[in-house]
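Mind looking over this structure? Questions follow.
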């Protein structure tokens, strides 16, 4: 239920299952991600942020759709392109920006930057600078869940490129062998940096590899939040029941370059424009309108509130505290350790 | 306090059992550590006592195993991972070095990775170049890791228990030739602190810093030299990261001479670091002779037994080396 | 044709295709392997050899069957359990024993021992102490073959346990992606050391993983030399044609323990006996008799000549030259290198 | 002999092109080295000139790539493998250390592995702990490998060509901050021998052994100190395995003081080995002061730019360190 009206009975499960609040919160998160990254990009171009960053603009549906199925106590492991996962799982953009600006208030107290943002309190075990690095870590988190007899799950985000790492093979095999509660969510955006899946994989789909681990391999439209959320919800239910892991492949696209240094030589303008036309945010908005969840005013309000939150977050971050070089080695070891 | 004779392998097994008894979050993972009992029979029948959930045989996937252990540690468990041979850690360097060692730091101190890795190391078994390496110096170069090398059954137990208590990742290098060595081991669970060297023998003419099996060879060499009136002080380094520099500095200030004896390849082996620490310390001015290093040869470990022996310091090499060092003939 | 008679026309392709000489040479190699390993085992028990060794007794059909399809200029990469592959590819047991005894005459001049025997002249790029270590090396050798426009192939031997290594995944993906002339020959002997395939793999067969690399995955009776040879010959023909790699899984069994320290706690006596009854050598002999390739006298002559060769090889090895410790670092670098 | 100004990256590219021109067996492999031109634009448009068969984009499979390169090298090719960041070599340690480095030895000298690996390394780009490591000391500990760290465009070209000529595996560490540095580079293909240090500046008061970008920082520090009457001799180590000990010994015998400046973690970094070599050499008796090491902090590389700078030696640190060393205040 929401101010605008009740959800139409012919709507797909996603719209039946989630309350209007949840659906609008999801849209808001997609906007937060989009504006967060646009803000980060601008700050970078103005020289306020150093290092590199990997933007997921165009991929917000998979990040938010996959995390909608999760509880706060569920885990995720994320990637170098992890802002969306982080916000999806419930992190505060203020503290993410503080991290970008290298401040003590940041999630990693300025030590990690974009590639290492983590918010363990909301179950995010961290972005990762190593392609495939999070794969076995997610399996380990799921093992701990089982050992502690919790009914939580671990969602492991990874890219098409990462699926060519040996870590992928070892992780999926162990997860399935031990029937652990993991959902492997592949964000297949067609490229690992500049190399297309055709040029890096012997099979057409990452999901084609799932059978080698006796695991369901589901392909969804990664730009449809409903598609992603339904598939991950089902995989999560399966995992919570003790029936083991699944692989969900979200076909999507990053409309920005791989990182700041990308000159887009490996793909055509047409391809980029083509995918821009399939932007997951307007698409979700159209569905929300069509299913009667929200009208134009409500959508505008959400957009504006997300924009305001991001603007405030940047302001907060810019005024944060710079780390003291004298604290350089403080966090190498735990205080009570030898 | 009961004290019995145990082998080094039995002492480790006892530590594992006591840690599992004390803390349900502790579990073991590795290759063939279950019904096989471990390639070196360290886990023995623990699987019968603790079940397959706590003594987990894993597929031959070293990188994956290490990552699983990291993830389980992040999520509140205390994994003890056995590499079947330390050589196979080459497959897991990514998770050990980029993840386990750095996660706490990269996350601004917000997490712990209470992970223990056990690694059988060293030569002397005729297993050739890919099963005989001493790679501990690599890990001693990595901030965020702790690296220990116990040389006695008592230390093997006490340092392993200290490692399992530790909130940060600890790598325990176990020398394969020591597994059958016997020694007195107290029965109760006790800790030997990480980061403290041990003066295994006192002496006044030369300080010998040794690790793992070289501690025993150095002690044997010291016995021989004692008959010639040369009193060597033998320090068992025990911990390669952090290093107990103070104990070595104090000893060198007394003896004025230093030798480092270790099995790893000489260049950039642990002796390089010990030497450099003393050469930059307040002990420098006390030095009456160059600092000697007796380390492994600049070669992979060969299969042929005679060559294999020649590739790492033996007792006669140590005797000769120390004798020359003390008499100024180097 | 042979002294005993001509091959029956109803025989399977293996018997049609290979000359009697070739078939009897294959049997002789199986005997050489068996006796070589029995001899090595005895020498080890008598304290003449140190270190460890991994015997392939019971697996001779896959070693010889797979290598029968090959030319001398084809490559193989082998495993820790590699004596059979080595003899199959044409190595001289004399020089292998010399290696076991750590002598300068040995294939590795006594530096390598059982786990590193290689005979590059006959195309064997080496046994390997690292499980899975040879997988990408074989792919690289195949890449070199292609670059040099040769029509040779590379056969990569590996175990069921090795197929759980990330190297397996990366290697098969690259080989298939680049359509390289490799044949991945898995000797599935049910165990990786003590861990059964049921306890280490999420799927039942290693060949079930081939589809994930768009590669044929063929399962054969690994104790039937004809089965193995026919499958590998077909895969080799495919590879030489430029149609890419194949995976051939040979179901077999090692009747000895994993290595010298094995107490066989993970399997039953019955299982071992069961497989001993399927010994590939008598089975091949029976077929040779049945198809009219050889009679009892010929078979006995082969067995005895293999035994004599092995006895002479041990004698040769025992009288070899011990390496000089002064030469310890001689082979670390090439002489002309910096 | 034409000499032009090229950047360090251009010099490497020229070496790659000349090597491919000269020898059809040379080929390049790595991630995004084709149409993308390499993460640091080192390969640039080589794929347009030499085609995809010789400039091969590979899947993100570092262990596999290294193994493929080893196999191709064994079978007669000369692969030049680019790791996108040296940090990712952690995934390929097995093939680099157990196979490439040891195969020749394990096989009794019967094979060569003519494999070159290029590894962008070092901090200063804000890429944080998993993209900023200086791991060269690990490889300098491994017999069978050669490890070089060119510090100028001219050396980058000449040492890479020497590496490609070499019949054994060579690892070339390239500092990311140097890629855009310009310098004079002869046009013809020439070789800078592996294993020879270079005296980058002569001086008589203190010897400074530096590597990679630290060579330039040490030279800058030496300029400052010269205005105070302190003449530092700066040695560019260039090769970490083998090490040109003689050049350093001779210099220390002249200056009587030694400092090592390097970016890798201080403990067990290359400075430890240099220090130990001098402390055990005939130069020991000439030393008038402890041996100083200025190395990376005992921490992963942090993201925040101020912390990042604090984590490795900067010019003022070197100036202060050398001044104190010369004046006996350490």
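Some notes on this structure:
Note that the chains are named A, B, C and D in the order they appear, and that numbering of residues resets to 1 at the start of each chain.
Note that a residue touches a chain if its C-beta (ideal position, glycine included) is under 8 Å from a C-beta of that chain, and two chains touch if they have at least 3 such contacts.
Fair warning: this is a prediction, and the values are worked out from it, not measured in the lab.
Comparing the CA-atom centres of all chains against that of chain B, the greatest distance is found for A. Looking at C-D and A-D, the interface holding more C-beta pairs in contact is that of C-D. Between the CA-based centres of chain A and chain C the separation comes to 47 Å, rounded to the whole angstrom. For the pair chain C and chain D, the distance between C-alpha centroids works out to 41 Å. Remark: chain A and chain D have CA centroids separated by 37 Å (rounded to whole angstrom). Inter-chain centre distance (chain B to chain D, centres taken as mean C-alpha positions): 30 Å. Annotation for chain C: residues touching 2 or more other chains are 108, 110-112, 116, 128-130, 133, 164-167, 169-170, 173, 177, 199-201, 329, 332.
Each of the following residues of chain D touches two or more other chains: 58-59, 61, 63-64, 87-88, 91, 94, 98, 105-106, 128-130, 143-144, 297-300, 302.
Touching chain D in their complex are the following residues of chain C: 75, 77, 106-112, 116, 118, 120, 125-126, 128-130, 133, 135-145, 147-148, 154, 166-167, 169-171, 173-174, 177, 329-334, 336-338.
Chain C contributes residues 50-52, 99, 102-103, 108, 110-113, 115-116, 128-133, 161-162, 164-166, 192-195, 199-201, 261-263, 265-266, 322-323, 325, 328-329, 332 to its touches with chain B in the complex. Contact residues of chain D toward chain C in the complex are 25, 27, 53, 58-59, 61, 63-77, 79, 94-95, 98-99, 103-112, 143-144, 146, 162, 166-168, 193-195, 242. Taken together, the chain B residues at the contact with chain C in this complex read 31-32, 34-37, 39, 57-64, 87-88, 91, 125-131, 297-300, 302-307, 310-311.
Those residues of chain B that touch chain D in the shared complex are 63, 87, 90-91, 93-94, 97-98, 101-102, 105-106, 128-130, 137-138, 140-144, 241, 243, 264-265, 267-273, 275-276, 278-281, 284-285, 289-293, 297-300, 302, 330.
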